[in-house]
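All chains are identified by letter, namely A, B, C and D, in their written order; residue positions are counted from 1 within each chain.
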Amino acid sequence: MKKRKERKWLALLVVVAMICVMLAGCGGKGNGAENENGGTSSASQESEEGESTKIKADEAAAVSEIMENPAEKIVIAVDDDTIVAGPFANSSGVRNLTVYTLWGTLAYRPYIGAMLEDGGLELVMAKSITKEDDTTYDVEIYDNITDSLGNSIKASDIVFSLDKLSELGYITYINTYYESGEVVGDYEFKIHLKSGEEGAIEQVLVNGTICSQEWYEGASDDEIQADPATTGPYKVTNFQTGSGMTLEARDYWKTNDDDKSVVEYQNVKQIVIKSITEPSMRSVALENSEVDLAEINAIDLERFESNSEYHVTKYANAMNDYMIFNTSDDSVCSDVKVRQAVAYAFDTWTLLLANGHDQGELHHDVCPNATPDYVDDWDEDPYYEMDVEKAKELLKEAGYTEGELKIRILKNASAPNGPYESLQAMLISAGIDAEINQYDRSLFLTYMQDNTMWDITIYSEQVLDFTTTYWSALFSEKNYEHGTQGFTEDAELQKLLAAACADRSEENMNAFHDYYTEQCYMIGLYNETKSIVTQSGIKSLCLVRGDIVPQATVFDSGYASVE
Amino acid sequence: MSEENKKKELLEVKNLNVRYKSGQATVYAVNGISLELEKGQTLGLVGETGAGKTTIAKSILRILPDYAIETLEGEIYYEGKDILKLSDKELQNLRGHEISMIFQDPMTALNPVKTVSSQIAEGYRKHHGCPRAEANRKAVEMLEMVGIPGERADEYPHQFSGGMKQRVVIAMAMACSPKLLIADEPTTALDVTIQAQVLDLIKNVKEEIGTAMLLITHDLGVVAEVCDKVCVIYAGRIVESGSKEDIFDKPSHPYTRGLFAALPDLDKDVERLTPIEGLLPDPTVREDGCAFRSRCPHACHACREFDNELRELAPGHYTRCWRGLQDRED
Amino acid sequence: MIRYVVKRLVILIPTLLVVAIIMFTLMDFVPGDPAVIALGSGNHTQEEIELKRESMGLNKPYITRLGEYLGNLIFHFDFGTSIVDGTQIKTAISDRFPNTLKIALGSILVTIIVGLPLGVRTAVRANTWEDKISLFITLLLDCMPSFWVGLLLVLLFALKLGWLPSSGVGGLKYFVLPVIANSLGGLAGFTRQTRASMLEVIRSDLVTTARSKGLSEREVIYGHALPNALIPIITIVGMRFGQMLGGATIIEVIFSIPGLGPYLVNGIGSQDYTVVTGGIIFIAFSFAIIMLLTDLVYAFVDPRIKAQYVARNRKGGRKDE
Amino acid sequence: MSRVENVGAEKEVGKEKKHGGHGKMGRHGGRGHKKSSESLKPGSLAYIWHSISHNKGAVMGMVLIVLIVLLSILSPYLCRWGYAELDVLNAKSGPSLTHLLGCDELGRDLLSRVLYGARYTLYIGLAGTALSVVIGVTLGAIAGYFGGLVDSCVMRFLDVFQAFPQLILAMAFCAVFGSGLNNCVAALGLTGIAGFARLMRANILRIRDMEYIEASVSINCPTRKIITGHIIPNAVSPIIVEIAMSISRNGLASSSLSFLGLGVRPPYPEWGAMLAGARNYIRDCPHMVIVPGVFIVICVLSFNLIGDALRDALDPKLKK
């Protein structure tokens, strides 16, 4: 008898809303068609297939050409939510992007292999640097350096900053090479190094971020982190923890354009940093024109490449992945046959694909072919290509039946799963029982130095100047408590390494390369090609060693930021 | 029913049938009830628990739980209009204003989270659309009328005793001086001393406002004191109806007699009371013939063919048992 | 009443102290040496680590460190500094908590605005098709993981329709999608609970009395039935709000909102134990406050409970949970 | 002879007379021999089973669960592809003849992974719930029955426990003990304890004051027997309902854990991990998200339907 209420359509409305949410979400592929024009190569300046992404020397475009169209603002999406602006901090996604924008250093390295002697380094605060002996350098700095609050920067501030950095321990290079600083005059001081190693002075000159001592000691913790007196060309406004910050060009003390290093340009008034950690959200933000520039995964790339409103810039990832074998007695990989069996059991290109990329460069040495002393014909000789039969044979020789050998793979939780899962699948199909032990970032680093916790792991390192320095970072016993990064105690290895470091002759380089590759202590894997997508108004990006220099971006005349 | 007292009649229930659905079974709660009530008159519905008395009361106000109702048939005329055909709006105007109800258990009848005065004022405002202040004044006035000091008007139900709560319920029911008051066993949940006070209160208020009353009880003492007419209900049917004198002096239906036999009587010196054997029949089973035959001492095969028609023993005095006639003769 | 609130606050202190002590001790037994973590990646010589331990005061005995920590915590609400980047935890939390609070408040409002009427309607129309359909739909929403819902909402409202920004923080319109994604999840549970407690009250005598007074169906249900069914509903609201103050981690990660969730996740990821300890103590503190507020709302809604609080004080007995 | 029949076995327990041997339940009048649920003792397993089997939703739920479990056990034999077998050529391909439900980003067959993966998600749901039930119920029973100091200590402990959001507590646990199947189960189990303990305690308090407990205490029946014999069986009905809900909640929570990289370690194809892993491909290869998503929804829905049916069976007043 109760009169039936007429609100039947309420439930219907909810059902309809649900369906269209589903369709919209999953129809992405379907109705994204209107801007899909069959994947023909777009007008944007796309690096052709196969052109090696080797960066010999970035000819920084002439200053005038860059400053042609200064822009008001650029909005950059970054894949890292630790927003840091203080003078001294660990390296992170945001830090690498903004360290030279906010903080002045003595010098800047514009390309891999740029050294002090051959004048490769661009001087920033340093006016002149003279070498007295292997471990002491006399540095004269400009006398008109000021920070964003107007405090003048003297030699004492620089020594204070370097001492502070070595005390806090955030930059390992400073700790390993910087001994002490000695103030000689108002604008002159001496740097004493712990060792005269090649590249040591460059590390201190390039990584020492400078700030005014008076300001630092007077400022509160919050001011230091969120509203610092910056010595670089930009200052910080609107700092939001964990979400982003805005960098504004300040009246910079160096006025003469010719002396300016590429990091000292002020080609855009405001740089807005927005932290968007979710990859799919970055591509949505780009498509929804909420940001001007974002790093995009290969899977989402296709919809931008075929769209004329966007430019895709491809570059080789600065971090090079390589596989380390734990050769200590606590691991099955102490037997060379086991190491070789594992090496032959997997295919590196599959690992690259599994990492979600479709372009990249396979390595024939732990170090990429990007350094002056790299021997090109290494790339021709065979390098552990996948050969399951050979792997099984080696396993038999090592005395293991099918599936008996158990390998523990150590994985960093924040590394993508793809490569490890495919590596595991390939090892299993080759009769090696592989297990992935995944730990959080810092626990992973702690366990990497513990030879009882793993058998193989994949790590990555950045090459800065020479293959020999890269090699010594991995193999030299000086850097590790026992043996190399893979706990290898091998006198012959150290001898060959020392020889190669002393004299970079091809013969020495080949000797070391052949020895460690044959012993299969470590094998180089790949560095994938990353891609940055920008709106069409941006003509070209200044990319140095895999890091963008935002202040030197080149804009088109018709450029206007999304915000 | 003769013509002339038609118009005097306040309430007329014709052939009311109510069936509940419980799980897969159907419960035949009320099977063809017909009764009349004149203005100012008091009709008593007497019967055991589960005979369908409360269902009758609730169907008059149409506040039966509709999720459980299977069928609700028949007509209930109130001042000529059939309540079962009323629209929601008209029904709401009727409830509390023309017809109001008092419930059995005062402990759960009142809303524990609202003040006593607001619960009374709410009904009054609904029907008289007057400002809040006036409604509150009326509420305090009603409370004093039922013997509750005015200053306790803003207290909450949990601060009152059972008896006091029932007084509040009465005040709430009588706020709009209804023409018909339905009282569903108002005193059962109270202890004996309070019962008498509440009954007197109901009688006084009723006379003062001239309200007709349908009193539902299983206590024959209460019926004797308050009611003018009586209907005895058994298994959802009226088995005997008539004036108070008819029923008390000349009970004819075996069930009515059984009820009186179960009553302790001061002047009779009886060793043991004679209760009625057994329990009410299963309401989910429709049986032919007289429903009481399974418990009736005089039951015989004739009862099974009994056509369940009411027989008139005397003007206004009816019984639903063929045997009843004979008692009058001998 | 005030005496009751004060009493509950006083009881709060020992509970939080227990939480602080548990977390502080727990973090001592966790693998990884804080000094090494503070020095960051790369390998360090032994005396460097020793120097760092000294500067962080890790060599002091456990008791003095605990005493210092609790001292700072109680007297000036100082949670210490983060091991990894040395930032003040107090400022980090005070920067991030407003975002988490906005999402939590928004989600609770949406849950109540949508869940309550839906719960009441399904209770009033129990076992009709409308009841079954809305329960099914809310169940469906409940089953979909929040990051999936979040992504779908962004694709529809931000990208296709362009009404709302897709991620990040800013004005209120940045919080619309995260709040919807966060509240859809809990809707089924809330609606079901409202329905259950409403069903109980709808069949009680007080509703029949209200109806017999001639009130309209709406006045009976919302005026009389709902106030009596509120107690279990308020418990659910309080519990969920307290949980959400811990940060809707998934939603905050998807929408890149700097709330407490990602802060704690990164803290755990980089073994930044002071951050984790400080964060969890703060969440425990806010949760306890919410529980107290819920109890107060009980008193506001139900006079019998208020009477119980006041009476309880005079007799000095313990309020029964 | 009059037949005694109690209409609707509301609250009284076992009031009606039983005729003859155990097998033959109370006989009913003229309404044929169908055994109505009223005739069984409320709370007995037969009663619960009987009323569930009449609830269409619950039957559907149970059928689905059994189907999924069966398919999961048989999947290694049914599907052509192993759950970890790589078919790099058609990675990310949509549903096709060779791969009925398509492939994931590494080219592994989704059908076999989803079917094989069912055991992990169900294991997490069941084991996690079992852990919280065992610890939670005992804690609740102890707190509820003994009251006083024990009660307030347990309650304070639960307050502390409940303060931590489930995800954060699970993460802290996984961070300390490493991620992986059993740690994931332990983490989810621990976080569920507070809910069960509170529920159990509330029931115990309600039952403790009932007459039949005082009766058994008066005939000095040992406390242990009272708890196991009287209190727990009667307090168990809301717990059963909560169990069903908790299983589905845990199954779902494992996907959030995997989202943060703490769930099941590869290569085990747990649904939550698959869903979390495929989230970046939602726009271009939606099938990779839909397949595990649909299975999770089916599983969680079925458990909820069963839970609802259980609630209606055990809590009659909510039935109508």
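The criterion applied here is as follows: a contact is a pair of C-beta atoms (placed from the backbone, for glycine too) under 8 Å apart; a residue touches a chain by one contact, two chains touch by 3 or more.
Predicted model, so just to flag it, every value in this text is computed and none were measured.
Counted by C-beta pairs in contact, the busier of B-C and A-C is A-C. Taking the mean of each chain's C-alpha atoms as its centre, the chain lying closest to the overall protein C-alpha centroid is C.
Subunit B and subunit C have Cα centroids lying 53 Å from one another.
Taking the mean of the C-alpha atoms as each chain's centre, subunit A and subunit C sit 37 Å apart.
Here the CA centre of subunit A is 88 Å from the CA centre of subunit B. Between subunit C and subunit D, the centres computed from C-alpha atoms are 24 Å apart. The set of subunit D residues touching two or more other chains comprises 175, 279, 282-283, 289, 320. Residue positions 31, 126-127, 140, 151-152, 155, 203, 253, 268-269, 271 of subunit C are each in touch with at least two other chains. For subunit B, residues that reach two or more other chains under the stated contact definition are 67, 88.
Of all residues in subunit D, only 152, 155-156, 159-160, 162-168, 171-172, 175-176, 248, 252, 255-256, 259-260, 272, 275-276, 279, 282-283, 289, 293, 296-297, 300-301, 304, 308, 317-318, 320 touch subunit C in the complex they form. Taken together, the subunit C residues at the contact with subunit A in this complex read 31-33, 36-44, 48, 52, 81, 84-88, 91-92, 95-96, 130, 133-134, 137, 140, 151-156, 158-160, 162, 165-169, 253-258, 262-263, 266, 268-271. On the side of subunit D, the complex with subunit A involves touching residues 84-86, 88, 91, 105-106, 108, 175, 178-179, 261-262, 265-267, 277, 279-286, 289-290.
Taken together, the subunit C residues at the contact with subunit D in this complex read 15, 18-19, 22, 26, 30-31, 126-127, 135, 139-140, 142-148, 151-152, 155, 188, 196, 199-200, 203, 239, 242-244, 246-247, 249-250, 253, 261, 264-265, 268-269, 271, 276, 279-280, 283-284, 287-288, 291, 318, 321. By the touch criterion given at the top, residues 58, 61, 63, 65, 67, 88, 92-97, 100-101, 103, 105, 108-114, 122-123, 126-127, 156, 158, 169, 172 of subunit B touch subunit C in their complex.
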